[in-house]
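Next come two complexes built around chain A: one with chain B, the other with chain C.
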Partner chain A sequence: MRQITYIVTRFDGVKSFTQTYTFPHQPGKTLLWGLITIKETLDSSLAFTAACRAAVCGACAIRVNGQAFLACETPLDGILDRFGDTLTIEPLQNFPVIRDLVVNWEPKAERLAAANTWLKPQDNFSAKEGCKQSVADFKKITPQINCILCGACASECSKLSANSDDFLEPFTYSKVWKFVADSRDKDAAARVKAIVDKGLWKCLHCVECVTKCPKGLAPGEDIARLRQMSIKMGYTDNPGARHAKAFLQDIEDTGRLNETKLSLRTIGMIGSIGKLPFALRLLRRGKLNPLHAPSKVKGHEQIKAILKAVRESEQ
Partner chain B sequence: MKYAFFPGCVLEGAAKENYIATTAVAKALGIELVEIPGWTCCGASHVQDVDDLAATAINARNIALAEQMNMPLLTVCNTCTLMLRKAKAKLDGGQKEKINGILAKADLQYQGTSEITHLLWVLLKDYGLDKLQAAVKRPLKGLKVAGYYGCHILRPPALMDFEDFANPQSLEKLIASLGGQPVEFGHRLKCCGFHATYTAEPDMIAITGQTNQSAVEAGADCMVTPCPLCQMSLDMNQPEGQAAVNCHQEMPVLHLAQLVGLALGLSPEQLGINRHIAGREVIQAKIK
Partner chain C sequence: MLTFDVLVIGSGGAGMRAALEAVRQQGLSVGLMTKMFPTRSATGCAQGGINGSLQNADPNDSIEKHIFDTVKGSDYLGDQDAIEHFITAMPDAIRELDFLGVPFSRDSEGRIAQRNFGGASSPRTCFSADVTGHVILHALYEQCLQHGVKILADWYLLQLVTDEGKLSGVVAYDLKGGRIVPIAVKAVVIATGGAGRMYWLRTTNPFTSTGDGIAACFEAGIPVKDPEFVQFHPTGLAGTGILMSEASRGEGGYLLNNKGERFMSRYAPKKMELATRDLVSQAIETEIKEGRGFGEGLSAYVQLDLRHLGREKILERLPQIRELAITFEQVDPINEPIPIRPSCHYSMGGIDVIDYKTCATAVDGVFAAGEAACVSIHGANRLGGNSLADIVAFGKFAGLGAATCAKQRGASNESSVDLAAHTWADKFAAVTTRKTGVTTAALRDSLAEIMWNNVGVFRTADEMEAALAVVDRLIAEYQNVMIPDQNKLYNSAFVNYIELGSMLTLAKTVVLGALNRKESRGSHCRADFPSRDDDNFLKHTLVAKQNGEFQVAYRPVVITKYPPAERKY
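And now, the complex of A and B:
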């Protein structure tokens, strides 16, 4: 009979270890079914969280072969087709582990709350009348409303793995955008202003969050929306905004990137001097040519006309 | 086999060796690359942060130029591929009329007739690994190669649907068809941090060090990547990366076309490997 193996990373509060569980395959089951089977038939001490079994509560996200999945909604057979009949099962990354596959949400919840992620209703609303919203306005924020706080995006976020001190969980940026875009909220401007200094420009663009979200959110794109809004509001005196604007400026000026000027424009003269050893290294290998400046591409006037039409259509 | 070639900005600058290698390999394999006259920067995953519509419109122009050539558009950079495919998905998903209104100001029109593809996909799907294997003149026998995919050739899967994002195999298959030995390593699907070079520099440096260390510990002789941005980040920052993780073994990082070129019998110089920062001698010693 076909056997399935889960190699589970466990934690007893002091030490981490792996334990291997093998059980008979059954077709048409989920990843979570495997964990429940282990707990019910092989080892009642295995700890994991799960509740609704319907991709609503967000409790059962785990990592399988190094990728986050929501255990209750992920068909096991599809996973076995991808990875074979032996799977490595780990708790989410970037969370403190309490025991086995159970992670501690408390620090994440505190960071989420610190970003003021609740509705600040407009003054014309009242307890009696409620906070009404048109269907069209509701639809604008439906994707972000679908977040179930499963933590898959935070687990896979490359920036959080590198350093979480100057960046928030991807779901937090999606929530902040949701309130910025919510027609009932009165605090959009203050929210954007606050988020600029909370890592808004530190995202690495790895698209892990968009890829791993089981509910179809795109936190990386919400980060882009917040960035656009911050630039419109004039928060451009930072390396991230200067860097992004430099690319658009180069497209408008010649069509192509001017690598030589990029550092100066993004981090200024002082910052660029700090990168001198790096620049000299590139010069030595012919990778940097300070004299090279792109000339205007063929059809440059087309680009001018296109960007002019883009700006006109946005007014 | 004929493609409208979209080199991308870095192939004119810091990653010029990838232009040299790509054109040399295409010539050797009989793949005709016709550079798109007047192509522009794809927006580099940054322009949408300023103006999303501008990012779509400039790439609609890039695609429209390829359509005029009546050829599929071929890229050699993950991020260019993503930006162009994202624009195409938006155009095909309902924005065509609006964007064509904008392109009309430049006497251009997007029709949707040119696919956006990447050299890696072309070698696997259009050219075929059997044919590639038959073209190998210097099998990379005994060369242990760690395939590093880079983010934007896999993610998001809605746009980059060539293979399974969670367990891709195209690089490993390609390495094996060149006679090399694919090496599994922990960082093969991770991010190099390139796009945050200026905004999260310490993170990018640490990631560079960890990635190279991961390849060293897996016993790789070199890494190969289909993305010149990953290559630049992992190669050009290697001295700082090594210091960050205290692992000082040099790890050569090859562009995809360079690895193919070595197997086709081209010399490291013909492939611009002399322009690399790390591990030039390692490649020289391994390729005989």
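And now, the complex of A and C:
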């Protein structure tokens, strides 16, 4: 009989270890079924969380072979086809682990709360009368309201993995955008101002949050929306905004990036000097040529035309 | 000792609404305890909407019509004074949700949109696409964050400690900290949800709907009211019990038996598949019992056929249904019928609330709201859209009730709470060091099987007597369960063990209530007593624990304006 194996990263509060569980395959099951089978037939001490088993509560996100999945809705057979009959199962990354596959959401909730993620209704609305919102305005927040706080985006976020001190969980940016975009909210400007200093320009554009979200949100795109809004509101005196503007300027001027100019425009002469060791490494590997002033790319006129069209469409 | 003025237990819509209301009363320490993380709660599974007579979609709707629909839907078992209080509060409660951040779907004038729903005489179900419960849950969580509610996530209720009929505190298991904790509390709100998991795989409920709070109240001497009224949704997926929304029938789906017949023609020739939930569930079970289903035993089913609707309509109107069917039954409804069977959906019964204005119970300091509670507003059958309404209305009442109570009560008797915590620590040690015994899962499966087979959609005295014997035997065997995990940190096996204890206790109240109610009313359908009997049973069942024994008593239903009449749709 076909056997499948989960190699589970475990933690008992003191030590970490891996444990291998092998059990008979059944067709048509889910990743979560495998965990339940282990708990009920092999080892009742294995800790994990699950509740709705219909992809709406967000309790059962785990990592399988290095990627986050919602265990309840993920067909096991598809995973086995992709990875083979032995799977490595880990808790979500970028969360403190309580035990085995159970992670601690408390610090994440604190960071969520610090971003003021609740509606601040406009003054003309009241608890007694409620609010008004057009059908079109409701649609503007429809993808974001589907977030189930499963943590898959936070687990796979390359920026959080590198350093979580100056960046928030991707779902938090989506929540902030939800309120910025909510026509009932009166605080869009203050929200955008606050988020600029909460890592808004630190996203690495790896798009892991977008590809891993089980509910079709795109936190990376919400971050981009917040960035655009911040520039429109005049929050341009920061490296992120300067970098974006310099980037755009290069594209407009020549259609090519000029890394040296990009650095000077983004972080200035003093800052760029601080980056010299990095620049030297780039030089050594042939990735940077400070003497080379790139010529215009072929079709540069079309690029300019595109930029013009975009600008016109935004007015 | 950890202390709170108000401790809310359970973090679904009712619990979070209660915590929010309590924290708004200045000067009280308010805690919100939940066995997982707040937004994992069953409220998030509710899709369709929340009822309130806003008169947005129908200017001719009225509070009175909503009251009457609810009374009639309850098969006249709901208390009419409580229903009036509840329905009257709903329009304001829904507009307040809007103000608190719930993103509702809108009509062309920017007002909250409303749709038609079962048993409603006007379109009054407010909704947010098909994720209404989810958005209410998350907006209330956001509000709790804003108002600084102290959230104890991954904390599990073990016991309500009382002295002479008054609350002293709570014993809880702090899963993250790996310790059993006494908490001195002036007032608690129990909002821990229903107990549908006593039917295990034959329920639409999350794994966490194990009736912990109801059982803790029962152990503290508070009766369980009307436990026999369990709503079965006709179309749960065969393998998992996961809900296939009523919209699948609303859009024109057929129900087929193993002969390919649209069998509803035998039971409801006019309404066919669009008959009421009770009737359709009963029809499906009859087909299976008489050998016209597919498969056998617990895995028997009939088919929900959507193919004739065509690909386009399925993709446009029922996309989530299709996704769930593909994921959980490997069936694409565009090409194949979906295997379905009724699935336990909702506990109309629950903690006996004796004051619908404050949600107080018989024990001073203990309040209850939401599915865990029985006020009673749903009576023998809850209307769709009235459960989300219930949690926001009564969550608020209970939060205010508990806050008011906490302001009046003196300090708790900490020594009795401490003593109870020590007893639990001993119990943890005993059950986790036992070397032989039965497993939680084995007993749980036996419970689910006997409850489904003998106390399900159809009930008879003989079958329920047999079920009672089995439940009693399982309760005896429960004393010998072993948990081979001595780690105090996040010991979910221990939690599952306590949850099973709650389910066994509540299953016994369901069987006793059902056995003694010799009539058919709403969801309680007895083959041996097929008619409603207002002369003898227009009353609430109260199952209470007295001197260690389960006792059954009754209380009259409150009738104000609407004399009982035959229920026809």
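Following the convention adopted for this analysis, the second predicted complex is superposed on the first by the 287 of 315 C-alpha atoms of A that agree within 3 Å, B and C clash if a C-alpha of one lies under 4 Å from a C-alpha of the other, contacts with A are read in each partner's own complex, and residues count from 1 in each chain.
Keep in mind that, in the parts below, contacts are C-beta pairs under 8 Å (C-beta built on N, C-alpha and C of every residue); 3 or more make two chains touch, one makes a residue touch a chain.
All values reported here derive from a predicted model rather than from experimental measurement.
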Applying the document's definition of touch, where does A:244 land relative to chain B and chain C: first, second, both, or neither? first
| query | Counting only touches as set out at the top, which of chain B and chain C does A:314 meet: first, second, both, neither? | reply | first
*Taking the superposition as given, does A:66 touch the first partner, chain B, the second, chain C, both, or neither?*
first
Based on the superposed arrangement, let me know which partner A:52 touches: chain B (first), chain C (second), both, or neither? second
Q: In the overlay, answer first, second, both or neither for which of chain B and chain C A:119 touches.
A: second
Listed in rising order, chain A residues that touch chain B in their complex are 65-67, 82-83, 158-159, 162-163, 166-167, 201-208, 210-211, 218, 224, 227-228, 231, 239-241, 243-245, 247-248, 250-251, 255-257, 259, 263, 266-267, 278, 281-282, 285-289, 292, 294, 297-303, 305-310, 313-314
The answer for chain C against chain A in the complex is residues 36-37, 39-42, 44-45, 92, 94-101, 103-112, 128-129, 131, 134-135, 138-139, 142-143, 145-146, 151, 153-154, 175-176, 178, 206-208, 239-240, 242-243, 324, 327-330, 439-441, 483-485, 487, 489-493
Within their complex, chain B touches chain A through residues 9-10, 12-16, 37-41, 43-54, 57-58, 61, 65, 82, 98, 101-103, 105-108, 151-152, 154-157, 164-167, 189-191, 193, 195-196, 198-200, 202-204, 206-207, 236-237, 239-240, 274-277
Within their complex, chain A touches chain C through residues 12-13, 27-28, 30, 39-40, 44-45, 47-59, 73, 75, 98-100, 102, 104-106, 109, 112-113, 116-119, 121, 125-135, 137-138, 141-142, 145-149, 182, 184
